[in-house]
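Two complexes follow with chain A in common, the first pairing it with chain B and the second with chain C.
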Partner chain A sequence: MVEKGKIDSTQAILLNITMIFATALLSVPAITATHARQDAWLSSLLATLLALPVAWLTAKLASLFPGKILIEYPEAILGRWAGKILGLLYLLWFIQICSIMVREFGDFMVNAFIPETPIVVVNIIAIAIAAYIITQGLEVMARVNQVFLPLILFSIVLIFVLATPEMDLRRLLPVWESGAMHIFKGALAPLAWYGEISTFAMIVPFLVRPGEARRIALISVVAVGLIFAFLVVGSLAVFGPGIAAMAYPVLNVTRVINIANVIERMDPFIVAVWITGGYIKIAFFYYVIVLGSARWLKLCDFRPLVLPVGVILAALSIMAGDNSLEIFHFIGDVWPFYALFTFEFAIPLGLLVIALFTGRGKDKP
Partner chain B sequence: MIKKICSLVLVVLLVLQGGCWGRKELGQLAIVMAAGVDRAPGGDIRLTVQLARPRAFGGGVERPSGAQENNAWVISENGETVLDAQRNLEKRVSRSIYWGHNVILVFGEELAREGIRQAFNFFTRSPTARETLWVMVARGKAEDVLNSHSQLENTSAQSAGSMLRMRVGEPVMLKDLSMMLASKGTNPALPRVELTASGRPQGPGMVENIPQGYKGAQQPPVGTHAEITLTGTGIFKDDKLVGWLNVRETRGLLWLKDEIKRGVVTVPSPVEPGKKISINITRGNTRVEAFFDGESVWFDVWMKMEGTLWEQQSKEKLTNPVIYKAIEKAMSREIENIARGALNKAQLEYGVDIFGFGEAFHRKYKREWASMQNRWNEVFAGAQVNIAVEGRIRRTGLTTNRLSEPQ
Partner chain C sequence: MVVLLVLVFLGIIWLEVPGLVRKKMWRELAAFAVFLLIGMALSIPQALGIELPNPNRPIEVLFKPLAEWMQK
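What follows is the complex of A and B.
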């Protein structure tokens, strides 16, 4: 066994929420509003509904192969060689998205707060902290998250409570102006984010009660969906459909807070809290990569892989794009289709169908 | 052992590292309190900044009375863009220019007539400038307006910001301006500022020269003190300044946009012609609803205003219900007149919707809006507006009837 820690269901839910939410906080409200304008909140609710099948699918696969993690399912279903190759592709995909989220967070910090710092410094610090977290194992990561996620959620609620003087809910009107097609288009980006729930299948065997995987996955998606809808409604009420042009709408909401000229300029304080979420998200995907690689290579410990994978992530995070616009373009226009039609939904669905037809895996869930 | 050495090295590094990469200490910053953007000859941008002089802000040191110091340093520089002009300014400013505490942004009249979109993008893009800074338009040059002091505040920028926070003029923050420009259902209206003679200068450093050209016939004596004054509202069509509202019409604008905070309404006495009664408005709200019957667009506006009667030149007995009802009616009529004044100017003279009525229409008729949004200003100019005002006098201060009258 590569990982000896165990996490309980609550910790798993909280970890899933951070795993999806920490970067959805940055640019996704803007991407959604680009398509759906003031109906962006409808898009985010629609995305939650559409993400439920993804969560169900993930849990279903996990229940068929108890004790195995996501990258081992293909081997059990498709046989040794095809399965190994698909498992490797999954690992490469995790490396790609992890490097992109490192870059996204680095861009956010440099763009908004420390414009003179080279982004590579920010990225390396993020990866170094994440590396430290994962060498402590899954259990420690889950507990760190258990401490910080409530703080993050509290900071979000605090922002929107303090920003209420700037809000006007009439900015959400008229409802359904953009039409079904645009609302659906707007739902794709959050859906791709919620689809990251499929990564949850990498840690299902380490649950105290793996049988609760389905409940955990569904609750996580619904919780993230509600939090995200709350963010979108709040940002829209402050700025209207104009959030489409903003790089980080929730940050802009934080910046306009001004209560009696005393409570203002909250952004550094708030962002300090968000950063912890971003680091945990990065640590989670980083962990999934080293754990998966160790299992793929049949190693008995994943810790020797932490340093090399970290170096690869740091290098890739810089090579991911020439500038932040390229990253925005990728996560806005490419990523939703790319993620959903491959590793998040299409491939697991194919695997499940084959598994059910060939009768591989445990029959009774 | 190795672990111990490593942690020792880390602790030492922690002490040696400064912490932040692009760190700037307070003493290395030139803090901008106000920015002005004008059109320079040749198509350039002329950026004027009011920099705080920290030493003059006091900080415990007693200054000899009468020797008031100028708290701000106002300098201007040309450039192709705002950022370019800022860079050019740094040739003369020994510290790095910091926008984080900028209170106001003033557009010069000439630039505003050409369009303001070219001049404020920097302030929404740069992470140091805040979206919450107050935006205004100068009568004349922004440079002249910023070249001023405040008697009460440290800088004239803070004085102008405080006045807007108290809703004396149309309060517009940078974020509001962006939203107004992005919407087709409304046009921006920015408070107008200019320098007016305001009492005698308190020290040799406090003398202003009011720029020539627009201050009218009453030429103040040389050596006057001038304060930034809110003298109305600039009306924009999209991002181009097209005209002005005076102070009274500005009040109508504020009321129609439901931004009422305070104000005074003066009405003629119902009993004694020529005598006046003043009511201090304490609260109120405005509701606008759009109607469309396939051909014409019209709006119903409901206003509810409450106030306290605080001055009475005449001698009628206010305790008489007939009398105070009549005063309330006169108050409603006056409020409607003020609102109509702003409305007529926007509809008839300039033909631009600055009240956000287009937004109200958009919210209710989203299908019809698609075909109307690009000619909304024309539709608005031809729309009928019905105003219903409910004025209420809630209190009369410390007296009911006049103290000076035999009861």
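What follows is the complex of A and C.
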């Protein structure tokens, strides 16, 4: 057994929320508003509804193959060779999206706070901290997250409470102006984020009660969807559809807070809390990569792989694009289709159909 | 820059390899070596200023029609 730690259902839900939410907080409200303008909150609710089948599918596959992780399902369903190749593709996909996350977070730090620092420094620090977290194992990561996620959620509630003097709910009117098509387009980016719930299948065997996987996945998606809708409504009420032109709308909300000229310039405090979420998200995907690689190669320990994979992630995070605009284009226009038409939805769906037709896997969960 | 990077790689090797050799974990050692070589191949050219192909570019090309539909 590569991983000996166990996490309980609450920890799993909190970990799933961080795993989706920590980078959705940055630029996804802007991407959604680009398409749906002041109807962006409708898009985010629509995305939550559309993400429920993804969560259900993830948990269904996990219940058919108890004790196995996501990259081992293809081997059980398609046979040894095809399965191994699909498992490898999954690993490459995780490496790619993890490097993009590192880059996204590095861009955020450099663009918003430390413009003189080379981004490679920020990325290496993030990867080094994430590497330390994962050598401690899944259980420690889940516990760290249990401490920090409530703080992150509290920071968000605090921001919007303090920003109420700037808010005007009439900025959300008129409703449905952009039309169904644009609301749907706006829903695609958050949907791709919520679809990251499929990564949850990598840790289902390490739950204390794997039987609760379906409930955990559905609750996680609904919770993230509601938090995200809250963010979008709050940013829209402060700025209106103009958030589409911003890189980080929620950060800008913290910057307009001004209560009697005493409570202002809150952003460094708030971001200090958000960074913990970003690092845990990076650590989670990094962990999935090393754990998956170790299981794919049938190793007894994943720790020797941590540092080499970190080097790969750092190098790829720099190669991912020449500037942050390229990254925005990728995550806004390409990533939703890339994610949903491949590893988040289409491939798991295909695997489930084949598994049900051939009768592989357990019949009763 | 390159010297620094090589020192980092030596540091990683120094941290991991003796333990693996002592415990005779040859499989793990082989995997470690492969991953580290890939890491070197991706990072040393960048330190030398050589531009490497962007791994996201083929994906962008593949999904270009849909990305254009998104921007409409």
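To be clear about the criterion, the second predicted complex is superposed on the first by the 365 of 365 C-alpha atoms of A that agree within 3 Å, B and C clash if a C-alpha of one lies under 4 Å from a C-alpha of the other, contacts with A are read in each partner's own complex, and residues count from 1 in each chain.
Everything that follows uses one rule, which is that a residue touches a chain if its C-beta (ideal position, glycine included) is under 8 Å from a C-beta of that chain, and two chains touch if they have at least 3 such contacts.
Computed from a prediction, not measured in an experiment: that's the story for all the values here.
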Where does A:V311 make contact in the superposed view: on chain B (first), on chain C (second), on both, or on neither?
-> second
Have a look and say if chain B or chain C is in touch with more residues of chain A.
-> C
Would you sort A:L325 into first (chain B), second (chain C), both or neither based on which partner it touches?
-> neither
So, A:I85: does it touch chain B (first), chain C (second), both, or neither?
-> neither
Look at A:L299 in the shared chain and tell me whether it touches chain B only, chain C only, both, or neither; answer first, second, both or neither.
-> second
Figure out whether A:I100 sits in contact with chain B (first) or chain C (second), or with both, or with neither.
-> second
Have a look at where A:I354 lands relative to chain B and chain C in the superposition and call it first, second, both or neither.
-> neither
So, A:V334: does it touch chain B (first), chain C (second), both, or neither?
-> second
Pick one for A:N111: touches chain B only (first), chain C only (second), both, or neither.
-> first
Contact residues common to both interfaces of chain A (with chain B and with chain C) | none
Okay, in this complex, where on chain A does chain C touch?
-> 35, 96, 100, 185, 188, 293-294, 297-301, 304-305, 307-312, 314-316, 318-321, 329-330, 332-334, 336-338
Chain C to chain A touching residues, read off their complex | 8-9, 12, 15-16, 20, 25, 27-29, 31-32, 35-36, 38-40, 42-43, 46, 52-56, 59-60, 62-63, 66-67, 70-71
Can you check the complex and tell me which residues of chain B touch chain A?
-> 20-22, 100, 127, 130-132, 165, 173, 175, 178-179, 182-183, 359, 362-364, 366, 369
If you look only at chain A, which of its residues touch chain B in the complex?
-> 111-118, 121, 170, 173-174, 176-177, 239-242, 252, 255-256, 258, 261, 264-265
